[in-house]
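Listed after this line are the structures, all set down as structure tokens.
In the two complexes below, subunit A is the common chain; its partner is subunit B in one and subunit C in the other.
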Partner chain A sequence: MNSVGALWSGLPVLMQDVAMLVLLLAPGLMTGLLVLRGFAPWQLVRAMLRRFRGANAVFVALIAVSVAIGVGLTAQERGLRQGSARAAERFDLILAAPGSEITAMLAAVYLQPSDVPLLTGAQYTEVATDPDVVLAAPIAFGDSYQGAPVVGTIADFVAHLAGDLAEGRMFAISTEAVAGAYAPVATGDRFTPAHGHGAAAEADAHAGADYVVTGRMAPTGSPWDRAILVPIEGVWEVHGLANGHALSEGERIGPPFDADLFPGTPAILVRAEALWGNYALQSRYARPDMMAFFPGTVLAQMHGLMRDVREAMSLLAVVTQVLVTVSILAGLVILTRIFARGLALLRAIGASRRFVFAVVWSYSAALIAAGSLAGLALGWLAASAFSAIITARTDILVTATVTWAEAQLVAGFVSLTLVLALVPALAATRRQRLADLRS
Partner chain B sequence: MAEPKAGLALSVTDLIVLAPGGRRLAEVAALQVAPGSSVAIRGPSGAGKTTLLHALSGLVRPASGGVVWGETDLATLSDTALTRFRRDRIGLIFQDFLLFEELGALDNAAIATAFLPRAQRSALRHRAGEWLERLGLGQDGARRADSFSGGERQRIAVARALANDPPVILADEPTASLDRANADRLAEDLAALSRDTGRTLVVVTHDMTLAARLDRVLTMAEGRIVEDTHE
Partner chain C sequence: MYRLAFAAVLTVTALPAIAEDGHDHLAEADGLRILHAWTPATAGPDALIYMEIENGSDRTLTLSGARTEGGQAARLVGFAYADGVETWQPLPDMPIAAGQDLDLTPRGLALQMSGLNDPLARGDTLPIEVMFGDLHLDVGVEVEAEDASAHSHAGHSH
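Coming up: the complex of A and B.
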């Protein structure tokens, strides 16, 4: 057993996936090979498919929908999980005032509007001057433009988030802005932010406080793609607060900030030189007046909490598939009765009982195969459509793709149902041949 | 067309076929049919004609007595062997054709290719095509069965019965679903079939025209043969 396990572990991942697919399909394929050995029932299967076109279409559609539910759910769930993780991967460590890590993460990473307490200038300065800290980016939000959040931060964070700008240049003064990849402004545009978000946004609250867009970020696959990033000083100024610098500094933006003139930030996005350094920083700043957490860890906890829901949904999908399959097989028994005279004729002219068995099984198999393939395609389409909707609503790039996992799910379903299809085939061979012939 | 197989002799002795409830459906003390001859079985409805035909084909197992085709006693055959005997030695024709309407004429006539051993399939399909040709449907092999007239469909059924080149043809009311003209044509085809190819032909029929073309007419009543008329 250990050697089998070692052999399995030694296989490349692709080989494991292929092998698993073959293993899952094997019972169904072996059943087919045994049932069809020596026969060529396809003309008769074609006749049955043509005769019951309407019912067959319904059966195929039912199988397709039930398979699509399973495929769509797993692909969508994985896409959402990967998308949310990808959106957070540039956020190494987040420091925030004590409270809910999830709320702070949703606000800082996913730009979900929320009221969170602020860290002070002294706290920010302590972090920013920590020798192990390479980047300490304060953020400020609360404004929006045409539904896109206007987020205040520092230029180094913009560079860290998206690398080199896709076009234009970085903001250099507090009234300049850099657009996210899909933000509703173009380089060169001038805009006035509204105070607040969504329907409650006050369009005229910041009249006269315009920004000029100087550049555009490359896509990040995160909600920051829809945001408009401005110097944090700009946000503070627009709200009538100190801008973190003494008047003598003129129009300078970015760190260092004067702790006494620092209005506060809901979160500091921190990065150490190396990965281990982030752990040291997390340990250092997780204390009563501040919390320090890794978004990836919080996400993993959230995904863990959702695992039960995910498993329940998967179970429901499987139950749906099995119920649909049982219903269809029951339907096939009824359809086979309608075809019983033809089957009785075959027996009368010399076909064996096993041949009749093979015809009915092949007919069921054709419906199952067609429905499953259609379900795989339908599931992929549905997952893609839902991904597009979720991406549009959350700005988290969700890409649901059909992978080996879905192929294996369908393979398992096909195999199971091909074996179950032996039941209507058996029922067909147990019929009274003479009575059917005379019916 | 290949040389036909010689017809088989039929010998029936002390045959009794019972219904599931025990009612006597057919009772034939003795019946001999020479190989290559043609026999019509007539009689009123419920006389046991079709039951006798089914017993002759092995579709029903008699309660007692024997049906022997050539050297083969059907009673000694297992279900599988009986099925194989029917496949190889008997061509069956039914009153209402029993075609697969969704398939073409040739596919219907050659339907046995679906379950015959692979080595025999192409020869059977070839013969099915030849029989369709001989029965006047050679140009229509690809046409769906449901697009043919009743007479034509019965001819497809005849081609199906003959495709495996059986020495025995058993037909149950083959002209009953046809109009007079088609019935006459089919009657001629069947009579010629026995006469020209040496097959043994047993036909259950109410059709006097058809019966008159065959070598011998048996009349049944209440399960028994009550009259045996040779040509």
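Coming up: the complex of A and C.
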């Protein structure tokens, strides 16, 4: 047993997926081989499909919808999980004032409006001057423009988040800004930020202060694509605070900051050079006056909590498929009564009971195969449509694709129903031939 | 006088119990302390071991891994959540500066042990040797429930 497990885990992932698909399909295919051995009933089956095309279309549609629910649910859930994880990928380690990691993550990574306490200048300086830290980027949120968050940070963060700018240049003074890929401003635009977000935002709170957009970031697939990034000095200045630098420094922006003139930041993105560095920094800065967390870990915990919901959804999908399968089988038994006269004629002209059995099974198999394939396509279409809606609403790029998991789900369904299709085939051969001929 | 003697006897008899309790959750040598080493119960040959490491020595110590008495090695791994999939990536040896702590926690850092001969059941203790260069520290890893997220004694100071 252990050697089988070792052999399996030693296989490449693609081989495992293909092998699982074949294993799931095997019972159905073996049934087909046994039922059809020595027969080729395709012309008869084609005629049956053509003659009762209305009823057949209803059966195919039922199967397709049931398969699509299962495929769509699993593809959508995975797309959402992957999209939210990808959006957090560039956020190595987040430092924030003690509180809820989830709230801090939603605010700093997904730019959900939140009121969080600030880290001080002394704390920022301690982190920024840590020899293991290569990037300590303050992230200051709270303002917005036409619904887009206006976030204060430093130039290195923009480069870390999205690489080279898609157009224009990086901000160089505190009144310049870089727009996210889909932010509602163009390069060269001038705008005044509102204080706050949404309906409660105070449009005139920062009257007289404005930013000029100097560049645009490449898309990141995250809510930062709708954001407008400005120097953190700009955020402090429009709120009437010190800007982190002595007057003698003139218009210089970016680190190092003077700890005494640093008004505070809700979060700091921290990155280490060495592979182990982020883990060491997390241990170092998780302390009573500061929390340090990996957004990926918090996200994994959240997804872990939702695993039960996911499993319940999958169970519901399976139950739906089973119910539809039972309905289809019952329907097929009824449908065979419609064919009863034709099948009785077949028997009367010399066809064997096994041939009739093969014809009815093949007919059922054709409906199951067509419905399942249509369901796979329908599920993918539904998941893609929902993904587009979620992306538009959350700015998290969600892409739902049909993978081996969905193919295996459908393969298991097809296999099970092909085996169960033996029941209506058997029912068709047990009918009274004479009575059917007279009917 | 009798009362003093009685109190002294009570204290002396209680000491081993206190030391034993401490010994269950704490290993110490040359200022290096390892507390609350634990692992979830396993059904297979792999285990993730967590612990709190405090470098109270006056030099940087480098965590390089661990091994069991049977010779099975454990390597340092870090949690990653890539594309919505939980993975553990191997890490190089990790220095811990003098006076610094390092926590090995679920979905954080861990010592990953492969090739265990027997599954680990809740309540078992797995003796391992945690290696910091030349300095090796013997630690008893307590096996917690399969779904545990922390050592059952976590939060207690020693």
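Everything that follows uses one rule, which is that the second predicted complex is superposed on the first by the 437 of 439 C-alpha atoms of A that agree within 3 Å, B and C clash if a C-alpha of one lies under 4 Å from a C-alpha of the other, contacts with A are read in each partner's own complex, and residues count from 1 in each chain.
Keep this in mind: a contact is a pair of C-beta atoms (placed from the backbone, for glycine too) under 8 Å apart; a residue touches a chain by one contact, two chains touch by 3 or more.
Everything numeric here is computed off the predicted structure, so don't read it as measured data.
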Touching partner for A:Phe39 - first (subunit B), second (subunit C), both, neither: first
Subunit B versus subunit C as contact partner of A:Arg78, first or second or both or neither: second
Partner chain in contact with A:Ala47 - subunit B first, subunit C second, else both or neither: first
Subunit B versus subunit C as contact partner of A:Arg347, first or second or both or neither: first
Partner chain in contact with A:Leu299 - subunit B first, subunit C second, else both or neither: second
Subunit B versus subunit C as contact partner of A:Phe141, first or second or both or neither: neither
First, second, both or neither for A:Phe157, with subunit B first and subunit C second: neither
Subunit A-facing residues of subunit B, complex: 54, 57, 59-60, 79-80, 83-84, 86-88, 90, 92, 94, 98, 100-103, 107, 111-115, 117-118, 121, 160-161, 164
Residue ranges of subunit A touching subunit B (in the complex, touch as defined): 38-44, 46-47, 50-51, 341-342, 345-353, 355, 359, 433-434, 437
List of subunit C residues in touch with subunit A within their complex: 76, 78-84, 86, 89, 91-92, 94-96, 100-103, 107-109
Complex contact set, residues of subunit A against subunit C: 78, 81-82, 84-86, 88-89, 274-276, 278-280, 282-284, 286, 294, 296-297, 299-301, 303
